[in-house]
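Two complexes, one shared chain (chain A), two partners (chain B, chain C).
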Partner chain A sequence: MPDNCILEMRGIEIQFPGVKALDGVDFFLRAGEVHALLGENGAGKSTLIKCLTGVNKKDAGTIIFDGKEISPTSPQNAIAMGISTVFQEINLCPNLTVAENIFVGRKEFKRKVINKRAQELMKRFHLDIDVTRPLSYYSTAVQQMVSIARAVDIQAKVLILDEPTSSLDENEVQLLFSVMRDLKAEGLGIIFITHFLDQIYAISDRMTILRNGHLVGTYDIGELTKFELVSKMIGKDMEAIFDMHPSEVKADASTMLNADHIGAPGAVHDISLAVKQGELVGFGGLLGSGRTETAEMIFGANHITKGKMEIKGKAVDIKKPFDAIMNGIAFCPEDRKRDGIIGDLSIRENIMLAVQARKGFLHPLSRQEQNELADKYIKALAIATPDAEKKIGELSGGNQQKVILARWMATQPDLLILDEPTRGIDVGAKAEIQRLMIQMCGDGVSVIFISSELEEVIRCSNRIVIMRDGAKAGELVGPFDGNTQNRILQIIAGEEVGA
Partner chain B sequence: MSQKSHGSNQSLISRIMNPKYIMVYATIAIFLIIYAFGAIVYGDVGFTTLRTFVNFFTDNAYYGISAVGMTMVLITGGIDLSVASVASLTGMLVAFGYTRLGISPVIMMLFSVVIGVGLGTLMGAAIHYLNVPPFITTLTGNFLARGVCSLISRESITIEHPLIDKLAGFKITLMKFSEGEWVKIKPVTHINLNVLIFVVMIIIGTIILQHTRFGRNVYAVGGNEQSAKLMGLPVGKTKVAVYAINGFCSALAGIAYLLVVKSGWNMALQGGELEVISCAVIGGTLLTGGVGYMIGTMFGVLLKSVIPALITFNGHLNSWWGKIATGALLLLFIVIQRAVVTYTDKQKAK
Partner chain C sequence: MKKKSSLPSILCFVLAVVCLLVGVGVIRFGGAGARAFLDRQAVAFIVDAILLVVAGVVFMLMAQGKFTIPAGIAKSKITWAVVAELLILLVCLNIRIDFFSISFQPSTGMLYGSLIDIVNRSAEITIIGMGMTLVIALGGTDLSVGALVAVSGAFALKLLRWDPSSVEYGTPGDYTVYPLIVVIVVPLLVCLLMGAFNGVMIGQLGLQPIIATLILMVSGRGVAQILTNGKQFTTLYSPFRWIGQGSLFFLPTPIIITIVVVALVMLFVRKTAFGTFVESVGINRSAARLSGINAKMVILIVFAITGFLSGISGMIYSSRIMSNDSNNAGLNYETDAILAVVIGGTSMSGGKFSLTGTIIGSLIIRTIVTFVYYFGVAAEATMAFKALIIAVVIVLQSEPVRNAMAKRAQARAQATMSTVKGGAAA
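Moving on, here comes the complex of A and B:
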């Protein structure tokens, strides 16, 4: 056993109906370390965390925390012992003020006191916000910071961060990391769960890898390269998975979309861009730089007030998403939980939605046609499900994303806009989605691909448009090399870096 | 981040402009507009006197008392359809207990408060621990209380007791200091016991909601019950307590109503629960939970009084216009609430 252990989990077993979710997993956390917990979706990370926080009962094994054996019975119970969790979904009350959210349920209570202390805490997070405003007034990133502030301000000895960075932009991630380093120095043990491999290497000291409910191993961060890590996570060779190249754009390809200085007040301005048939154009830039807004504008969700747009050489005036759909544009939004899936409908029904909308309600698809279409895409996209009638809400994130992709592919669009299609899904599914995009381009569909991970934008795109502060900051044309990432970062950063 | 810097010493203006108060401001503004309208049109026939204003409180005081508890229930995201029946049962118990059984009204009042709190606690427990939707649970409570009323008596029972007369007759005459001595305000204006109870309950309600740990838990439960649980808050206890408090308010409202009509009747206050709910909603309480203020509810009650007052002053209009106006107001407020929620969502997206 390593020294200085704050938390030892030994031989943890959890049985779910039909599956063994965890089978003899050991996990040791030292005080003052950031320990990454890794694995694909379904590997057992969440189950292990839920066992530690008292949500799921373990069937076998022991947990020793701070020298004593414990078996938490509920999240409250775990918090009281000093194990705090910050989840990917924000578990705060939107109607309470920032200060109230940090202090509700705790000893400090008077408005004046908590407002002052909350303001100080937020300063430590380098956020100068009005803590007396309701939480719902602020962006997701701020809300995430508030929930971390709440978790660490409780006298926690172990802090679990479950995908805390998935809604943060690069600056905010750095901010979070600096806070994590402070907390680490104070002797807190931090369990860090994320899909972003770069972040693991940037902040973690050690990592534990799980696969299919089994322990693969615990390693020091320097011990494994990124490739070895991913190979261990998926149990296959990584090289083969990510060996992909953008498809060639034909020299005589016609122009699919031509936007000339388009803009919408308050969102983005002065965007010029051309997308050829079969071309994959990646949008790079920070969160909030206007990538999504540009996509929404092309799709008609945000009305264009300036400039002109042409589709296949014809001037168009797209006022609402329906116009865009009728012009062969499809848009797969960023927040699939909110804007994309309808959890209680089946996979078939979810796939059918956009096709039916395009055909109009007077031309219903027969059940036969629906079944054929659904089965075709389940097969084509390798969606992991027993049949098309399963509720989409019961699928994993990666498979939900594939269903959304299928929904828009089924409309046979000429231009498909994908906003963060790979966020929050595991490595294997990510590679599959990327491969699908490239394959579609090969079939002559134009794709606009928005992602916060530059690496994947560079890997898949024929051309990259870089956004900054609501305007286009630059454009790079492939093929790309090892230097591309730096050039993009320079463009994002503006003149300061170049100088 | 686009949020402006505020610093710890924020200005009074920024504190007042806090978006969480928008709904309350809307209620007060609409009350003031209607009041100003009345003042301009009927100012010369006494609309602007203090007496008319105090009457806004007097007219619906029993609804107001009940609305204090209802506001808390609505903030937790629940609803209580039993309040009017429980109030009616209170009047019935006191009237029947004294007139037929000869038990002192004081004891019967205490007994009916115990019944109100007990029923509230039971319903709260069913809602939280058995996970029965509040609508169904309290609808059952409504039928139960109304049924017991009819079981006791299907006729109105008048109550004549010196204490009841004394309480009903209690009033404070408002005075002003003029030319070196205290004189009665003209026209003579009284504050009766019901108005006192109403105002005191609003103040107590405000203190509970804004300045106690319990009050903050009430808002948290209404904001996101799941989160509140994960934050380690006593969700179950809070919900049960809120329904118990509401049961207390219902019984108190029943006593206040008894002081007005001096009788118990099994069909008294029928549909009153909806009046109470509409007071809270017009006062800016969100039916979806999480938002609401006692001061807003108070103005909601005043708005419900000012409209019939206008009709009375007019003298020609059918009194049913009051219902129509209330309906229109309710609709207006639900639309405003929707607009505010949509607006803040949009703000956040930016």
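Moving on, here comes the complex of A and C:
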């Protein structure tokens, strides 16, 4: 028995209809540690958390928290005991003020008092914001901090962070980490769930790995290398999966897209770029540097107010997404849930949507054409589903992403823009999406690839456009070497001007 | 293997026998009044007996694990709407069997009876309900439909009676100032435009549907008042009377109009991709837009259709009363239409919708009203009675109840399957 344990979960079993979601899993959390909980989607991470927070009932096993055996009956019950959770999606009310969000549902409701206490709390998080403003006024990162502040202020002893960094940029992640270190020093036990391996090594003390509902093991952070860790997560050797590189762009490839000093108010003021046929262009830069906004401008989600755009040498005026689709452009948006999936519709309907939109509703695809389209892409992209009629909302993140990808592949685009296609999905699905991307380039499709993970941008791209403050800061042409990452960071920091 | 029977099935069979005996006149009890009632209701008892036998067999098969209600059906909201409608009808049957009598009147060439009446009188709400279903699938509501009913009627009566050459209204009679086609088409086009106005406010200007349609809800009746100088006019023009009171193929005209409208809307929505577009915009407008769907256009079309359908509804209404009534025409139609859609299983939060469900919802509402009139429930209790039944239907349809039912059915099926298997193995 490890000493100093604040939370012991032993022999946890949870049975869902037809599957054993957890089978004899042990998990020990010490006070004052950051403990990473790892595994692919469906490995049982969420189920374990849900068991701990009283969402799912365990069928066997014991939970000992703070020396007493507990069996939480609901999330409220768990919070009352001192187990707080912050989810990936921000579960706050955007139209309430920051202070109200922190204190909603508590006994304290005098405006003056909560404003003052909220301000103090935010100071502790090194955030200097006006707590009387509505939450929606602030960036996702700040909102994330507010939800953590809310969780911590409820006198928590165990804090569960479920993918807290997926919408944060590098600086914000560092800010979150420093908060986590403070909380750790105060003796909180933190369970940290993330898909970013670098972050696990940066902040965690120990890690527990799950696979298919079974415990693989608990390790100190220095015990495993990254490759060993991933191999344990997916249960097979990693090296082959991530040994992919973009194909060479043909020397005589024609220019697919040529954007000349384009801009739109409030987002991007000056971007120029050219994408050749079959070329994979990566966008580098911090969150908010104009990566997403540029993609949205090219796709017509934001109308450009200055500059010119040419597609295949022809000047175009793209006012709305429909125009872009008619010009052979496709766009997988960054926020899959908000802008991508139509949750209550089936996989089939989600896949055929863009093709149908291009044809207009008066020229419907027959049911058989829809089925063929759906089956083709379910097979090609290995989407894990019993059939095409399952609601897309019921799929895992990785599979949802594949369906959105299928929606656009079905339109047979000439230029595919992927905004953070690999965020929040597990390692296996990530590798598959990268493989698809590279394969499509080989087939002559141009791809613009946006990702917050520099390593993946560098590995997959033929060329990288780096942005800063809504303008192009530089451009690097591959092949890339070990020094590329540093050069990009320097360009972002403004210390070097790219070629 | 031992034959298994369950308590409910035995109960059903016993009750069936009793009903049958009462029905064929073997069992008689009570005074003269009760005997007369039993004699009149003989057929109803026999129907009860047949239904109970069917129920008993189903229960028995379920107990033996040979039959289970498919989870899809148990979970569907439409199932519960249909069950509710049938139950109300069954109650009617058992109170007075002639509720179900249908007779043919050679003088008018039309079928008469309470059932015909229910379908006939539900026409207005069913027709508006088709549009309202799409509006609600978009995640909105349209409060202006009732006012548009009044506008349509006012316009029709103006065109029937108002002579522009003398700038006066003639005396009521079997004539029309403008040809019938104008009397029908102009009000419908006006309603279409007013619906489109709603669509522009909501789609292009981004107003909340409830606010945007509130404008016409209030001002629509004002427009109707202005059109007719705040007066009520009547007409005796017989072709106009045919719309609401005539007959076609032995059925009242409104039923035929409803069938045509429902068929057209269903074809438009399901045979083109329009239905999918409406659902996409209703579920996730941003994602629909980024997939290339012109959400504003979809919204505009849906509200324009709803306006147009309200116009048709208004035409039927004013033909029924052969008059315009700016204050009472279409009063509370918006709530009835919304209710029909909700009872029919379309969620107020938008998304997946069911036109069939809305038809059933509209029939339920009308069945209740007819029931109340037919059995002489006190007028002041009508509203409360209607509310009570609708509350029951909606509770039956609520997520927790449906899930619980589906789960129970499944659990029972599994339990019996395992005992049957166990028994077979032994």
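A few remarks follow.
Assume the second predicted complex is superposed on the first by the 491 of 499 C-alpha atoms of A that agree within 3 Å, B and C clash if a C-alpha of one lies under 4 Å from a C-alpha of the other, contacts with A are read in each partner's own complex, and residues count from 1 in each chain.
Convention: contacts are C-beta pairs under 8 Å (C-beta built on N, C-alpha and C of every residue); 3 or more make two chains touch, one makes a residue touch a chain.
As the structure is a computational prediction, the values presented were derived from the model and not from experiment.
Shared-chain residue A:I325: touches chain C; no touch with chain B. Residue contacts after overlaying the shared chain place A:L92 against chain B, while chain C stays out of touching range.
Contacts of A:Y137 after superposition on the shared chain: chain B is touched, whereas chain C is not.
In the overlay built on the shared chain, the residue A:A31 is in contact with neither chain B nor chain C. Once the two complexes are overlaid on the shared chain, A:C5 sits clear of chain B and of chain C alike.
Residue contacts after overlaying the shared chain place A:A471 against neither chain B nor chain C.
In the superposition on chain A, contact of A:E100 is made with chain B only, not with chain C. Contact residues of chain B toward chain A in the complex are 1, 3-8, 10, 14-15, 18-20, 211, 213, 216-217, 219-220, 222-224, 226-233, 290-291, 344, 347-348, 350. Within the complex formed with chain B, the residues of chain A that make contact are 75-76, 79-80, 87, 90-97, 100, 104-105, 109, 111, 115-116, 119, 127-130, 132-134, 136-139, 141-142, 150, 266. Touching chain A in their complex are the following residues of chain C: 271-274, 276-277, 279-280, 283-284, 286-294, 351-352. Of all residues in chain A, only 299, 301, 320-322, 324-325, 331, 333, 338-345, 349, 353-354, 356-359, 361-365, 407 touch chain C in the complex they form.
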